[in-house]
Amino acid sequence: MNALQTYNLSKQFAHLQALDNINLAVPKGSIFGFLGPNGSGKSTLIKILTGLIAPTNGTFSVFEKQSSEGYKVRENMSALVDRADFYKNLSAYDNLMLMARLSNHDSAQNIDEILNLVGLYQRRHDKVKTFSQGMKQRLGIGQALLPDPKLLILDEPTTGLDPLGMVEVRDFILKIAKERNVTIFLSSHLLHEVEEICSHVGLIFNGKMENQGSIETIFSSIDQVTIDLEIDKKPETVKILSTLEGIESIQELPNLLKIKIKYAEIPTLIQKLVKDDIKIFGISQRNRLETFFLNRSRDQS
Amino acid sequence: MMVGLFKNEVKKLYSHWRSFMGYILFLVLIPIIMWAYGKGADGIPSAFPENYSDLFLFTGKLNNGLTAAYFVLNFFWVHIPFLIALVGGDIFAGEEAQGTYRIYLTRAVPRWKIFVSKVLASFFYTFTIVVLFIIMTLGLGLIWHGSGDMVVFHEGMLILPQSEALYRFFLAYIFAFSNMLLVNIIALFFSTMVKNSIGPMVGTMAVIIFFLALTSLPLDVFDSIRPYLFTHYFDNWKIMFYDPIPWGKVVQSMLVISGHSIILLFAAFYIFNRKDIVS
Amino acid sequence: MRRLLLLFLIISFSFAQDDNKAITILQGINANYSAIQDFTTEIKVDINLPGFRMPNKDVKYFYKAPDKSKIESKGFAFVPKDGILPFAELVKRDSLKNLTITEIIGDTVVITLVDTFQNQEAIMTLKVHEPSATIIQGSASINNQNILTFHIHYISIHGIYLPDESAIDLLLPPDFKKIQMLGTSPSQAKKFKEKIKDNKEWVDGKIHLKFSNYIVNQGLSDEIFEEAVETVD
């Protein structure tokens, strides 16, 4: 059973076809990364799933509850859509209490637990207007967890967070996915973040689903990668590399070589360089997902 | 669930300072007016020429708490709509402006329940404002200036006996409350259409001022449309003080006010229910 | 010449007799009033003035000679002074201007005189029932305009004649019509103003008093009148 399934979901805004026959399947228990450039329709899809927007055509289901059942389709689902905005004249506690009443999870214990989980228990009686954006994001994730959902939709959850905050949120997502057995549908611009935590990925371009599947499936379709090589003898290295198979291009930069190479040939390259007494000070691979994404973007344009 | 939703809306409503403006205004201004009334009102309505006071023996006073309450109601009924619009205009538009729809409407709660809870909270506010007004005018008036027969103006002067005054006030306040509910609904209607609270407030007052002008201007050309304007019935709370009470007119007024209210309420719901929250 | 002188003397004597008769009649009325030291009565007041409406009121009236009077009621009320003891001050006076008997019908005498009414010179007409020395009808005119007319029916209580029922007709100046504009809408007020613009007729108002439960000469305390002292005209 899929946690989320869409069937030819479309949305037309005046003169813009924002979504065009989207068929998406999010496996139960997965952390699904939803990627696409700006204006590709990610937010539109999320808003349809969360009931903020009505689709023009198509349907979807969440844990087999159909969208034709109206609001009931959201019974097992919760979301943080766009930036986390709250009732700023109310405290964090009061805001969560408001949200908790919407799902009959309005016990003080439940709210305290969530506040502890997102690290805001000490500030629970402070008005939200005194919070930083990062704190609001955490509170936003907290309100999304209140109804104990089976599917959690997060739209750019690390927006406004510092690097430490971003790491915390990523770890948090992994934790709740594992401990609470929650399926997570994550929309993000941060490709490295998606690659790090997601088990599945879907790509959307210009309102159309481009690709979707497990991360391994996606990566296996990535033939060529770009690696950065930091070595001592640059000219000799270039000579050696020119004899190897699978190398598409070599770009010389002041301190390193940027090499476009078939993914499968990387071990052969390293062995050859070591054998030819080339000192390798560093080797790094550009994010594969990023590579995939950029390749697809180029193909689209 | 509805109780919880209603509690939410009331909490949100009273988290804004503007929601208390009406209460503060009444708590401060009405006692001042009541005190001034006591200082300035004469014992006999000044419509009587002075000469005729030689012809008569008088007893009792007409400038009592009941007449004072009538006087203040006469003055304030045009101003209370502003206080209602101030709060009613923010109920929907404020959420959209704050961006809180994105957390509030994404729950497994049908929009009609959220709509009803917002409307009820707004009605609750209107009710409390009217109740406070009653306490400050009638209550304070009776405590400060006592009771007695009251003088009202209907095609001249009409003295109403004290025994009838209270139940007439009760009817008048119910009528005035229904008018204020309509003002509330107009503000709610505008509030569902826009993304900021100022528009509905200004829009509501503009509508009222415009239609009041058509109602009040002594120009025969507007005679045919006046019965269809809700402002034509705005001060019909006064007919509760006529003798006899023209029940036909009361029914007609209530039908027109209710008709306007129901149509606008359904229109507001239609807009809210089908609204795409895109930002 | 002697016949002319005789005729002059007869006519003068006749006039003198008339003046004396009028004075005697007024003295009779005064005697009736003077017999009253105090009284209380309950009055049902029914007022009917255009532009002014009041529910029928039950009023208690207190009087103590020579000039104290007061009313009490639940709520607001008023009664016309001339409907109770009409012209009580006037009949006390020794000299009255232009005092004449204008008509005699059986035992009813009509007396006219000139006096001040509402601070203006007015012609007062009194229709007096001689046997009971009571003013059964009266009126006051200023500049040929009738201002006030009353009819009173009396009952005798311990030999003192007091009103049983009074009907008072008030005539109010044309401007009084404007009171009917109070409480009307601006368009209605405008129409009404147009309607009365050229209408110079005086406004007719009626007041009816029904008296009952007289208590006469039982010794009313002055304290009753201390709060509000009114003079009886």
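Per-chain numbering from 1; labels A, B and C assigned in written order.
Here is the rule we go by: a contact is a pair of C-beta atoms (placed from the backbone, for glycine too) under 8 Å apart; a residue touches a chain by one contact, two chains touch by 3 or more.
In this text, all values refer to a predicted model and were calculated from it rather than measured experimentally.
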{"item": "Common touching chains of chain C and chain B", "value": "none"}
{"item": "Centre-most chain [mean C-alpha coordinates]", "value": "B"}
{"item": "Per Cα centroids, the chain farthest from chain B", "value": "A"}
{"item": "Centroid spacing, where centroids are CA-atom means, of chain B and chain C in whole angstrom", "value": "49"}
{"item": "Centre distance in Å when chain A and chain C are each reduced to the mean of their C-alpha atoms", "value": "101"}
{"item": "Whole-Å gap between the CA centroids of chain A and chain B", "value": "52"}
{"item": "Complex contact set, residues of chain A against chain B", "value": "13, 47, 50-54, 70-75, 77-90, 94, 98-99, 101-104, 106, 140, 143, 147"}
{"item": "Chain A-facing residues of chain B, complex", "value": "1, 4-5, 7-8, 11-12, 15-16, 98-111, 274, 276-278"}
{"item": "Chain C partner contacts - residues on chain B that touch it in the complex", "value": "47, 49, 51-52, 54-62, 148-149, 151-162, 216-220, 223, 238, 243"}
{"item": "Touching residues (chain side chain C, partner chain B) in the complex", "value": "50-55, 59, 61, 69-82, 118-119, 148, 170, 172-173, 176, 179-187, 189-190, 228, 230, 233"}
